[in-house]
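Paired with chain B in one complex and with chain C in the other, chain A is shared by the two complexes that follow.
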Partner chain A sequence: MERAGIGQSHPRDGARVRFSALRWSAYAAAMLVVAAWAFILLDGDSGFGDLFRQRTWQNAGQFVASLAGADSDGPSPFVQAARWRETGQLALNTLAMSVLAMGIAGVGALILLMPGARNVSDGTLGGAPSRTGRVVYAAVRVFYALTRAIPELVWAMLIVFFLSPGIIPGALALGIHNLGIVGRLTSEVVENLDPAPARALRAAGASSPKVLLYGVFPQALPLFLTFLMYRWEVVIRTTVVVGFLNAGGLGREFRLRMSWFHYDDVGLLLVWYLLLVIAVDVLSAQLRRRVRWD
Partner chain B sequence: MSTVRPVRTGEQVAAPEPLVTIKSAAKVYGTNQGLAPLSLAIHAGERVALVGPSGSGKTTLLRLLAGALVPDQGTRSVIINGKSPAELKPGRELASLVGIVSQRFDLVPHLPVLHNVLAGRLGHWTLARSILSLVWPMERRAAQQALARVGIADKINERPGRLSGGEQQRVAIARMMMQSPLVILADEPVASLDPARAEEVMELLVGLVSWNENDGSSQRTLIASLHTASLIRRHFTRVIGLRESRVQFDLPAGELDDAVLDELYDLGDDTDDIEPLAGLAARDG
Partner chain C sequence: MSLRRLQNWLTGPRLLTLGIVFALAWSLSRVDWQQPIGHTGGGGAALQVLLALFPPELSQEFLRICVVASWHTLAYAIAGMSIAVALGLPLGVLASGVLASSPDGSETRRRTLMASVRFLLAAMRSVHELVWVLLFVAAVGLSPMAAILAMAIPYAGILGRIYAEQLQDVPAEPVAALRTTGASSAHILLYGYIPMALPDLLSYTFYRLECGIRAAAIMSFVGIDGIGFQIELSLADLLFRQVWTLLIFLVALVVAVDWWSSRVRRSMAY
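Presenting the complex of A and B:
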């Protein structure tokens, strides 16, 4: 087929070719959808058919009921103040883990955001271009890529290998991974800054560190904090996954209770988890609103 | 080519040694002639207007003077007060030698006006003092005085984005006061302002020439590019016409008439498809 719709000499031909290509694509897509569903529903091994069986739904209902404490031995944990306190402590640990993780990511990114920006390292924003700057820039970018590419779960598996279980390895794993994400985003904010104010400071006799301090840093800071708050919302959700790996907090307890079939306890942990996620979302939104200028 | 003349301002005779000496400085960007070899001498206390169509080399000349560009003939072809600005490292010496105000004010948008004004002191401060000043502003009184002088003392805590163009240019001028250089350069400082605002800002800039934060003893020099004949006649002592990066005329500002300016902006036969800027220059009364 020719370049549909581009030829200027035969606009009508072009339009027709393009239209029929579109129509055939639509037919093909519809057939693919039908075939895919047929395969899933007819193939017994996929387990998809289970979704439509009554038994599945009965089991699900039963599970939800036991989460809510329907078949607890003795009093339900939901009515025991001691259980609320215990699990509340775990929720606090999880919150601490997330804050610590954001601290690690934030401090790391704050240190690296300048050397990790191309326009800082090559001297566009004031400051002389130097070979050291370029080498450091490349190193920081590789570090960002590495920390970002390895998921926090894998980091946690590696770290619990040599650190005793607790919230520290979890926080480290989350912190390192998010350092790569926040650091890269912030460095890119710096790369997109208007160089004019920095040049004006340069002309006022400011040396490179002062240009960065006055001309670059204040402009990058609000977005840096915004990214950090966004990532905090993600991190508080991921703490549970990382916690599965003996890394402490709600996640570890969640895994243990599941394996002991203490579904009522699992239900209580889920409640705390939900409260935590909501609280962090609200707090993060508030803080993000504060750092926005103008 | 070079038309160097001592200029008399009032009863004061210009010093025999010029403050600014340009000896056949040129700048070529790739294949573009930014500035053809040009020689000039400017004395302390002069107020020099650079006129000429876009691309005539005004900005290149100003950036050479500011030390932001290195002339092709070497750093010694631009000398201010015995020093070459391109040779100086950023710091106190360069900051007190030469400063520049541009058409686009170039304030830092996320810093309050106070810090933008104090940024003029960055060349004079140590790094530690600069860091500290972000948290506890240093020399706050001086900044307040500078802002009061440009008439926007009440805007000290505003962010530049909330100010009008004229107010932003005043902040830039207050910053220049804090920097307090011997030679003040201004690249089309009033190009984006309406005539009334332009008049006010021009007055403030010219006021800087005789302004001294201590006693008003030393005289500064102002070199500004602009297009408006009436502003030039009112505020400047000397006017230099540039065209295709060559000096076309070098007159006392009082002798500038609209005909001379019209001729300068008329680009001639071979380029008459380019709209002449003469209308801009002739607009004023």
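Presenting the complex of A and C:
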């Protein structure tokens, strides 16, 4: 222990310490991979053998065919305009849920933007360092870590206990989880920004809101919006999953149709899902290119 | 104010802000405000859930269930990630176009290959892992392998895209120097691109492992053992103290992997 301590205090040994941490990580990762696969393959029925059976692939082929409407009784939902309209409404609800979720995450991150940044609490950005500031900073960071660590779906499982089904519970579950991600990233942007404008404003006697408005926002907002757009791409994919839990939109219908074995309807819902994902990806890429704050 | 001035005023950030406000207003308009937002007695239920944290379920047999479920989750996450890396790295190399960038190679062929691999990667990651697993279960039945593969597909899609970007960001000069010595494409990849991009490749892979833990936890929602499955069971029995214990295990697992991954990333940054 003592030798390691001495070694770390020498700058020349820094590289060796780093290297041993990496080597240790590589060994640990390799061992974990071997242990995980050994456990999965040896522990009873892993389903690994099924991958090499013809029957499995026949079933998969049949399933894909029924998604495409091969064994629908009556006309396939793909040729019924009414079915397209009904499921289109569900797709709009799913889109609304994702937008609302980003709204919750975005507003939350903006409110916690300053208290969650270390350089605000310790006074680097101008202003006096305060004990309260440090305590609030720690609390915000723990809150972010917790909301981030718990997946959207688990949040949704908890939230449907209190809120009636609809767009709101799903948006709330997605919003809370993404607040942890977007909030942390945005606070890190504030920590890394150039403190000179904020300090100059403070020295000139500007009030705190003015420092925020003219010293922090112009630098931090473009990246903040970029993060929101990136997360929106992830959220639109996850909205359907949250919807499984009676939260409405495409997801709920997807799960119901799945359990009724209406695979042709599932296929139609998948088409809407893919359309939404593609639309949001394209829109997000366009908007991200446009976020230039000048 | 003339239309021209309005047009000039309404550019970039202002237009974006307006768009965001409209999008939020529209999404709120789709909410059904007629029915109550909360359940009757929802507040009481929330309080009950919160109070169950003091203390969470800590009996020995339940802790054993938690440890086994955590190990299942970790094992599935690592198995899924290893397939995702094995698929994502070659696809990422193909999508980056670095292999075929020798001057004698046909440019159109290279571009077609890059575009088609990129399309494949986009298709893989456009469907969420839990949707993949539901489709797999319906197609071939419930097994750990179905969940592992379902997770590996979108993760390989994301890894491949990011790997491709990271390989393209490798500085051109050392690669050109290697090429002038007459090195083959494979050699340029192995001794030029991969070693130079390695810190970025590894950092991102470790970051994804952290996401993989969460994904594996919720994968068990379909009925294979894991933290998500146990949470669902406890919630169904309204045993909130057990739910808290499981959540603590999940958070601990994610934080541990997060710590490991930031440790690795820090030791990579020279």
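Basically, the second predicted complex is superposed on the first by the 241 of 294 C-alpha atoms of A that agree within 3 Å, B and C clash if a C-alpha of one lies under 4 Å from a C-alpha of the other, contacts with A are read in each partner's own complex, and residues count from 1 in each chain.
Going forward, a residue touches a chain if its C-beta (ideal position, glycine included) is under 8 Å from a C-beta of that chain, and two chains touch if they have at least 3 such contacts.
On a predicted model such as this, the values are computed, not experimentally measured, just so you know.
Touching A:136, do we find chain B (first), chain C (second), both, or neither?
It touches nothing on chain B or chain C.
Name the contact category of A:238: first (chain B only), second (chain C only), both, or neither.
A:238: touches chain C, not chain B.
Check whether A:271 is in contact with chain B, with chain C, with both or with neither, and answer first, second, both or neither.
A:271 contacts neither chain B nor chain C.
Contacts for A:65 in the overlay, against chain B (first) and chain C (second): which applies, first, second, both or neither?
neither
Would you sort A:153 into first (chain B), second (chain C), both or neither based on which partner it touches?
In the superposition, A:153 contacts chain C only.
Answer with first, second, both or neither: which of chain B and chain C does A:196 touch in the superposed model?
Only chain B is touched by A:196; chain C is not.
Mind working out whether A:215 is in touch with chain B, chain C, both or neither, as first, second, both or neither?
In the superposition, A:215 contacts chain B only.
Could you say whether A:256 touches chain B, chain C, both of them, or neither, answering first, second, both or neither?
neither
Can you tell me whether chain B or chain C touches more residues on chain A?
More residues of chain A are touched by C.
Kindly list the residues of chain A that each of chain B and chain C touches, one partner per complex.
In chain A, residues 221, 293-294 are touched by chain B and also by chain C.
Using the touch rule from the top, collect the residues of chain B that touch chain A in their complex.
Residue list for chain B touching chain A: 66, 68, 89-92, 94-96, 99-100, 102, 104, 106-111, 115, 119-120, 122-125, 127, 130-131, 134, 159, 161-162, 172, 175, 179.
Could you please specify the touching residues of chain A with respect to chain C in the complex?
So the residues of chain A in touch with chain C come to 18-19, 21-22, 25, 32-33, 35-37, 39-40, 45-48, 50-51, 56, 59-60, 63-64, 92-93, 95-97, 99-100, 103, 145-146, 148-151, 153-154, 157-158, 161-164, 166-168, 171, 221, 225, 237-238, 240-241, 244, 254-255, 258, 263, 270, 273-274, 277-278, 281, 287, 290-294.
Note which residues of chain A are touching chain B in the complex, please.
For chain A paired with chain B, touching residues are 196-197, 199-210, 213-215, 218-219, 221-222, 293-294.
Residues of chain C touching chain A in their complex?
Per the stated touch rule, the residues are 12-13, 16, 19, 23-24, 26-28, 30-32, 35-39, 42-43, 45-46, 49, 71, 74-76, 78-79, 82, 122, 126-128, 130-131, 134-135, 138-141, 143-146, 148, 214-215, 217-218, 221, 228, 231-232, 235, 243, 247, 250-251, 254-255, 258, 260, 263-264, 267-268.
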